[in-house]
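I have a structure here, written as structure tokens, and I will follow up with some questions on it.
Should a chain be cited, it is by its letter among A, B and C, assigned in written order, with residues numbered from 1 in that chain.
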């Protein structure tokens, strides 16, 4: 019996498009647009001005508080403009536009370190903060905050679940960068001083489980790989903790309240590169996929590269795109154009044609109870959707709408095709 | 801003994919799972059964179509719920009954069981059972005239439950087996008096097994319902206690059809699994009471309707424990 | 025969008994209602808009009689009726006829004349529409046109225009401000025009003129023509947007004539 959490739903993976494609680096873009808001928390403070020469990895945005992060230039060149630009999450955002000089010259501060073992934990945290590392799973929560828990942590969980259909970037990283990820895990383990370390991987990725296990045996590491049932949303932080160590994070609390820190494999790799190579987070792996993408791929991309360049590199599309999604199909955000930059939280670009879109024909709730069965938070999504539809927001507050993480499982299974997540979002917006 | 060929991209909320399950698909699947029982009835009670079924479906669909047109609402006929209600009404009238009876039953079921509440999803009571109860109250003679199986000319074959009840109330101290000429095998295959749909238990169970396999219905309501009736019958139905013929109680009457196809109705039953267990137990107890001590030989329809009324109460108090609320 | 008599007699007896019980109960549990409350309720608009802070007109009437609230808190009641209520209460009317009525205006005329960034396919609710990439209009100040204000208006005073933006019908507005509370863009404001011709700036964009021109055909480009045309200097430009000072405005309509993008409108 595989470990898992109550609720959830198995969803067809659609990962075959890109799961066997090796990660390749996208050619250097001629221009990058780097938004000042790429993470949870306060915006970064701009420290360059128009006309400045910048180098790859040079800091251009300073963190403005504890829950904030630094931002670095992803290419070398000239700051040509500082203006509002399309942003994949918030629509518009103050951004730094850098024109490439084509040299990709590294900033002088980027040097590989030999003496990693001798660095103190505070120094390690400082490096993580200075290199602007945030959670690469999607929410982009600053990693140095996670690594500075106010109380003792006993368990570190590495999230290699990637439960969103279509996305394969974490899977590829686990295959191609196994050793580096594990060395990154050891750094996190050292900083947090935890005893137990688990890597959670869904059972439908046996190659990744095998690769991780072999390498762990080879390196003789005290890390356990936990195969998990392939079920959405297995990769959600609270559900992953429930599945692996059987602890429930209380409503409104954080994983560290139950003594756990969860980190994504991509983030761990970024930490490894930051500590050993001194490399700031200016590039990440993005899966470009979809039925109509000519050559789906896993690309290593500089932050700030426009979506259109990634799509063009993949050979474009066979049909006219009707929807471009940043992230996976369950929680990803639909985009208004191709002219949007990749940010630190961009795990994938998914393209749908008109035929693949759901033609939603919303009907009244027939109380079939499927939403209750799949809700990973054990809420009553049907009741919230009815409250939202009738604008009974006071009543909706009884059904704890703020526990909802908008995973979309309820909406996925609803036979009446009700837009449950949208109603819950509306309720949250009104009650806030 | 650059747009692909000048077309605005579509932006909607996540999730961007759907399981493909629809209300329509569920309704039609339940409909097809009910059909084998109908075919068995046509075989057992004659071809006239087919016309009854068709007239009931016609009644339901016509009523729904008229109501949608008058209310200027989008037509909901194709979602299959009206067809299903019609079929269930037909399954709840005796074979050989006049065609208008089934038609009228469907009319009442759709109009007073569904449309007046606001249509599918808003009704409190199972529409098909509203139709049946209306017919029972208005045409008690027609609704209890049972033709004998495989012999359409003999018009008075009482149902096993009626025989059992009458025999019992006359203090006829015969054992169940002697009193009734039906073997369990006959009951199981449907060679006995009864409504159109409830006759063949085997066909009903096959359809239900498919529905449970497809997760269109859950096992909670039927299991708790049938188990409760069985326990109730075993304890109270015999001489003294703990020797009632519970198998006879399970196999006869409308229990199997009621438990698998009527009590499991999404709209009128509890929404949580725990609630469904309570619902089934409640139905079972009421059925047992009506069958053994009530005025009717059969109590399935009334028990489900009574528990339908209790559904909002059950839903209010039986809620899943929230994740993270220790 | 005997049975019929018995049935009739028993039913009649039951009826009599219950009737007596009800009569006794109505006497016993009778609650004295202040006759003034009844009268005041007749004069109140009865829309239960809740702008007074109480649950509805009935509770407002009770509170008035108990002296727990002030007549001025009712924004929906006409001056004439307030006068009558004041007479019932034996007080002087708080706002004679001198007070000018406040009217809500939706300061955006964009709709179909303002470009779309994308095709919004979500719920028909403005509060929902602004959650996706900040709304589907190129202009970040634009009305998203899902009609939430229309639905919450208790006086049916807001109508959707053919251009896809709602407009307040001035004489129907009773200043309850419910629309202001739900508008996610904060583009509905209360104005207090004195004159017969009630003009307002039908735009909220604080973008620069060139940007506005790119986004929208009917946006304020802050050209300042209205400022020059105004004989009483009631118009100023603040944050790239014309603003009318209603204490000065005389309703001469000169600004309407000069506005190149037809942003200045009559209510």
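The definition used in the following text is that a contact is a pair of C-beta atoms (placed from the backbone, for glycine too) under 8 Å apart; a residue touches a chain by one contact, two chains touch by 3 or more.
Here the structure is a predicted model, which is why all the values come from computation and not from measurement.
With every chain reduced to the mean of its CA atoms, the largest distance from chain C is reached by B.
Looking at which of A-B and A-C shares more C-beta pairs in contact, the answer is the pair A-B. If each chain is reduced to the centroid of its CA atoms, chain B and chain C end up 51 Å from each other.
Measuring from the averaged C-alpha position of chain A to that of chain B gives a distance of 48 Å.
Averaging Cα coordinates per chain places chain A and chain C 44 Å apart.
Residue positions 1, 8-13 of chain B each touch two or more of the other chains. For chain C, residues that reach two or more other chains under the stated contact definition are 117-118, 122-123, 132-133, 136. Chain A has residues 333-337, 419, 422, 425 in contact with two or more other chains. The touching residues of chain A, when paired with chain B in their complex, are 6-7, 9, 11, 86, 165, 238, 242, 248-251, 253, 308, 320-325, 329-339, 350, 352, 357-358, 360, 363-370, 372-373, 376-380, 382, 400, 403, 406, 408, 411-417, 419, 421-422, 425. Per the touch definition, chain C reaches chain A in the complex via residues 117-118, 122-123, 125, 127-128, 131-136, 140, 151, 184.
Partner chain C is touched in their complex by these residues of chain A: 87, 89-92, 333-337, 391, 419, 422-423, 425-426, 429-430.
Only residues 1-5, 7-19, 21-23, 25-26, 79, 118-122, 218, 266-267, 269, 271-273, 319-326 of chain B touch chain A when the two sit together in their complex. Those residues of chain C whose C-beta lies close enough to touch chain B in the complex are 116-123, 132-133, 136, 138.
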